[in-house]
Amino acid sequence: MKPYISLFKMRVLKGLQYKTAAIAGILTQFFWGIMYIMIFEAFYSSTTNPQPISLVELAQVVWLQQSFLVFIMLWFRDNELITQITSGQIAYELCRPMNLYSFWYAKLIAQRLSAAMLRCLPILLVASLLPEPYRFSLPPDLITFLLFIVTLFLGLLLIVSISMMIYISIFYTMSGTGSLLIFGVFGEFFAGMLIPVPLMPDALRRVVYLLPFRYASDLPFRIYAGNIGTREAIISIGVQILWLSVLVLIGRMWIKNALRRVVIQGG
Amino acid sequence: MIEVQSLCKSFKVSKRKAGIGAAIGSFFNPQYRTVEALKNISFTIGEGEIVGYIGPNGAGKSTTIKVMSGILVPDSGRCNIQEITPWKNRINHVKNIGVVFGQRSQLWWDLPVLDSFNLLKDIYKVPEKEYQNNLDLLTATLDLSDIMTTPVRQLSLGQRMRCEIAASLLHSPKILFLDEPTIGLDAISKIAVRNFIKTINKEKKVTVILTTHDMNDIDTLAERIILIGKGQILLDGALTELKRKFATHKTITVDYSELYSDINIEGIRILSQENQRLSLSVPLDRFNVSEVIGQLSQQMEIMDVSVENRPIEEIIVDLYKEHQL
Amino acid sequence: MKLYFKYMSVLLRSQMAYRASFILLSIGQFFVPFLAFISIVLFFQRFPSVVGWSLYQVALCYSVVHMAFAISECCVRGFDSFSSLIVNGDFDRILVRPRSTVLQVLGSKFEFTRVGRLTQSLVVLIYALINLDVQWSPYKLLTLLFMIISGVFIFSGIYILGATLCFWTVEGLEVVNILTDGGREMAQYPLNIYKDWMRKFFTFVIPFGTINYLPLMFIFDKTEGNSLVYMLIPLVGILFIIPCLMIWGFGVKQYQSTGS
């Protein structure tokens, strides 16, 4: 476990160095957040029908999406890793005395965590000073908050295990462009980043619930907003764990197969 | 042709310490220190000269080249190249010059060489006839005909450098700036590049200003060298003169089969003696080389003799040492 | 101008050297915004209108902005990726060539895969035109054309501004995305759905209003008074490029004196 922890530490330190980029990122995300809420507000003002999620709850989801963007983005790519795979340099990584899957997993999580650490607090802090309905507020109660934290981190693990699949697929396609693009675009859509899941038509929502993507973003954020009750939240944690174990299992098996290919190719 | 007078240029460089605390500190309160890259640089270069512009890394070589090619504006001083001040009339100035940065490419990576050349023709607005003449000449002398249709990314470094040099000459510039043109090349390519530079200098009277760390380049090409260090010109003169001044010793190496007596000539230092080979350093102010050889032949059965000048490399190292660079 | 097209044809050939990735990226460029549009359609399934605008009206607005964005991303990409020219030192190379820096930077890169996004916005435009209940006149069509052209100039101006920043800092240019990507996302809806300060900023500072809200009012017959004025408003947006180019010139001067 120790090598993974020190690897993780190094990543966080490295991420902290790019402070200007972080500040720029915060500003950008803040702008997007305000813009989305304004658009939602405009739509909500055109009808008096009750909606499955209120504007205030939606604002919470938007702010969480913006501040934890790097947690949930599938296209958050590690170019170093991609070049390593496509250039065949990955063979050197095989010389290290650790499991490659876990090694990458740690690296990818560290990357996302370090990027998010700098961004999420400032965004949320400023957002909590805004007037209604833009304001970011505290969750309804402590249990909700704990459920949010648990689902958020399980969601992070879930996203990383999906992106591991993308990286492993590069062993076969030799180019990250295609898989990243397709997963990125559709993953984002099915995660409710373009249209919030509760506002989707029923048929589409049913599909979305069957896919893993929403469990990383839509689920924790709506739990926080109070749009998902405790009972449903606990069941969803079960679903998260199920998806996670399936994806990790497949990933581990697949990488073994992929590495065999490299060894044969590399001779 | 080229007149440079009291050029000065200084840069601000930000200071940063290691560690997160220092990083945050320098973000809010950046600290700078000033580096004087050029301190009162002056020289004149006439038409048709080949000048080696040398100095250790960070001495101000590329800053000078940048000023002369119009990329950089100096803090003070004058620069007159063919009656034009480079940074004041950049576009007119750069029509007359060719620049090769040895470590960077000016060719389009994914395209065949010829496509890059054609594009450069349009960029420089070279008339069709002149372009064809130049292209024919360059293709022939640089031996490019086989690689003209190859994408640049597939060329070897030597091939690429030949194309780079050709590319910078398509618009018949009067002045050519070469920034480390032989860096990373193998011996054969180096010789080809050097020969070519000599040829165009002779035949087309192109003035060449060359920076390099390879003293063989200087030795074979430059008639004159300008040595720069810490932003100042330390030496400016003909290469032969420099050699005369610093080549105070010659090295005599003899292979012998039999030794009659111990070698001990007052004032001559023995550099090495082993495996029946003897190397001596002869100070030219006190000895005549042929006399020394004559004397040696009486003390041993000589098989072979060679006499060498001090290599230019060593002279330059001495120069650097002398100026504490 | 001739040289610009020469650059274009040369770089088109060089991108074609990587056919598979070119096709894939183009398809991706089709789907990324296409899903965004699908989302807008889905919104309108739940909400009848947005501040009085119907789905098809928004679709027209959307297609204009995305078309302008796609064209400018393709043709002005050199400025968008300008930081790499600075980092590699290739900008020095540009300075030793006897042509204007703007032209050479423009010619340094084209992103032809944006043809995907362009196709997508054309599809949306046709969808909007078929379904809209508008009395089309030559003036209105001309206005529509002006909107697209002016949009290209506005986005190009922003790219040039962003590139100019590179002369001072290579890091932290993500802020420019607020104006490019953010401007695009925002201007895909008529600007009057936003709060006042936002609308004012994107009309008077970055003139998206001139290709969006104001001419749309004319096309949908919501205006009173002189229609010629509304028709020519998009052309005002083109003027935005002038201060941008001046700032660029200032940036080049700065580069030449610091050589950073």
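Read from first to last, the chains carry the letters A, B and C; within each, the first residue is number 1.
Note that in this section contacts are C-beta pairs under 8 Å (C-beta built on N, C-alpha and C of every residue); 3 or more make two chains touch, one makes a residue touch a chain.
Keep in mind that this is a model prediction, so the values were computed, not measured.
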(message) Top contact pair of chains, counted by C-beta pairs?
(response) A-C
(request) Could you say which chain's mean Cα position falls nearest to the mean Cα position of the entire protein shown? (result) C
(request) Report, in whole Å, the distance between the mean C-alpha point of subunit B and the mean C-alpha point of subunit C. (result) 47
(request) With chain centres taken as the means of their Cα atoms, state the distance from subunit A to subunit B in Å. (result) 54
(request) Starting from the mean Cα coordinates of subunit A and subunit C, work out the distance between those two points in Å. (result) 29
(request) For subunit A, jot down the residues that touch at least 2 other chains. (result) 20
(request) Would you mind listing the residues of subunit B that make contact with two or more other chains? (result) none
(request) Provide the list of subunit C residues touching at least two other chains, using ranges where the numbers run on. (result) none
(request) Over in the complex, which subunit C residues touch subunit B? Could you list them? (result) 2-3, 6-7, 10-11, 13-15, 17-18, 88-90, 92-93, 95-100, 104, 253, 256-260
(message) Which stretch or stretches of subunit C touch subunit A in the complex?
(response) 20-21, 24-25, 28, 31-32, 35-36, 38-39, 42-43, 45-52, 169, 171-175, 177-178, 182, 185-186, 189, 193-195, 198
(request) Spell out the residues on subunit B that touch subunit C in their complex, using ranges where they run on. (result) 11-12, 63, 66, 69-73, 87, 90-92, 94-95, 97, 99, 101, 104, 106, 108-111, 115, 119, 122-125, 151
(message) Per the contact definition, I'd like the list of subunit A residues that touch subunit C in the complex.
(response) 18, 20-21, 23-25, 27-28, 31-32, 34-35, 38-39, 42-47, 51, 175, 177-178, 181-182, 185-186, 188-189, 194-195, 199-201, 204
